[in-house]
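The structure under discussion appears below in the form of structure tokens.
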Amino acid sequence: MALIPENTLITDTPEQGRELAIAMARKTIGAIQTDPNVRKELRPGYATNADSLTMAAHVVAVEFATIAAANNYWR
Amino acid sequence: MALIPENTLITDTPEQGRELAIAMARKTIGAIQTDPNVRKELRPGYATNADSLTMAAHVVAVEFATIAAANNYWR
Amino acid sequence: MALIPENTLITDTPEQGRELAIAMARKTIGAIQTDPNVRKELRPGYATNADSLTMAAHVVAVEFATIAAANNYWR
Amino acid sequence: MALIPENTLITDTPEQGRELAIAMARKTIGAIQTDPNVRKELRPGYATNADSLTMAAHVVAVEFATIAAANNYWR
Amino acid sequence: MALIPENTLITDTPEQGRELAIAMARKTIGAIQTDPNVRKELRPGYATNADSLTMAAHVVAVEFATIAAANNYWR
Amino acid sequence: MALIPENTLITDTPEQGRELAIAMARKTIGAIQTDPNVRKELRPGYATNADSLTMAAHVVAVEFATIAAANNYWR
């Protein structure tokens, strides 16, 4: 299973870097909970809980910080 | 859907960088919970809970750290 | 509403940087929960809960890390 | 017990860096809770709880940030 | 009230940097909950709760990261 | 009480850096809860709770990030 799509942190744009951050966070979850049915069952509860969403957004922010540094902030 | 408005981390001022941090955090939530009605329903509960607000402020702080570095801290 | 007082991360001293970190964290909360009365009502509960205080201190620490880097650590 | 497999942060690819991040996080847990049976018993509960999974993903993101910096982001 | 003792992040040794990290975290709490009696009352509950202690240790780790960078890691 | 064993962040290997990260996190806890009996009593509950273990692993990851930077990632 690929944890990092295309095996690189380099993206053309910040937007693509952000998409990569979300993908990387999701793939970590997939590496821990490998059963897609369980992941699907968890989704409704977590996507309707504000704190769960904030926690997920936090992880994306941390992943994105790494990706942004890797890309020299697309300056 | 745009995850990063204007597709850049570069802003003219710290204030604008801060606004971008808030926007980016919100857009991540929007990417996870795509139904605007659900997001609207979650808002009253979370905006009146001190810990939920602190958690949200934490995410903004992390996003802002990245944006500030991207802008060389607007020195 | 100003999210960053004086629109700069640069301060004369670490102490002032710390005050800015606290102010920035508070202003994020103010941007999410715009009603000052609600914020005031939340305060007693959160200021008498050890974990809530620790969570708030965490956010200040993250904001301060950015401000300290912006100021080259006031070396 | 080895906390860092092969005792290096350097990897050939981002994907391998990501695997190392997951391994390092797991080995920390193993260093704190040294009984493998207890760890095994904890797994079902935590792998079926969305917030627990998000917390775990957060730790992986932090470990990966360090590994990515160590590898100059595999640029 | 001084948020940063001696108004500097520079210390002679890592040990002193660590003490500063703890002091800074505590002073943030003191800035939010200004009543020393309330802080004293909160202490027994929080100092006997493992997760509360871990949360506090997390804040110290974040403060220390900033202090260590400020001191070029005392290399 | 020593918060940082040997008063340095410099280690010979990543593995030793990791051990230092765990030691530093533990010593912070010891600085906050100074009674070793209380710490011992807390251990069973926290070492058999997945989220508590994840929180502890998070702190170790943050400490390690600082130590790794101090050692130029042992490159």
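Chains: A, B, C, D, E and F, in written order; residue numbering restarts at 1 for each.
Here, a residue touches a chain if its C-beta (ideal position, glycine included) is under 8 Å from a C-beta of that chain, and two chains touch if they have at least 3 such contacts.
Just so we're clear, the structure is a prediction, and the values are computed from it rather than from any experiment.
Chemist: Which rotation angle, from 0 to 180°, best lines up the CA atoms of chain B with chain C, given as a multiple of 5?
Modeler: 60
Chemist: Using CA atom averages as chain centres, what separation in Å is found between chain A and chain F?
Modeler: Computed from C-alpha means, the inter-chain centre distance equals 27 Å.
Chemist: Report the inter-chain centroid distance for chain A and chain B in whole angstrom, where each centroid is the mean of the CA atoms.
Modeler: The answer is 16 Å.
Chemist: List, in ascending order, every residue of chain D touching at least 2 other chains.
Modeler: 51, 55-56, 58, 62, 65, 69
Chemist: Draw the chains as dots and join the ones that touch; what shape do you get: line, ring, star, complete or other?
Modeler: Topology of the interface graph: a ring, with each chain touching two neighbours.
Chemist: Beginning at chain D, go round the ring through chain F first and name each chain as you reach it.
Modeler: So the chains, read around the ring from chain D toward chain F, go D, F, E, C, B, A.
Chemist: Which bits of chain F are touching chain D when the two form their complex?
Modeler: 13-15, 18-19, 22, 47-51, 53-58, 60-62, 64-65, 68-69, 73-75
Chemist: Can you name the residues of chain E that touch chain C in the complex?
Modeler: It comes out as residues 2-4, 7-10, 24-25, 28-29, 31-33, 38, 42-43, 45-46, 51-52, 55-56, 58-59, 62-63, 65-66, 69-70.
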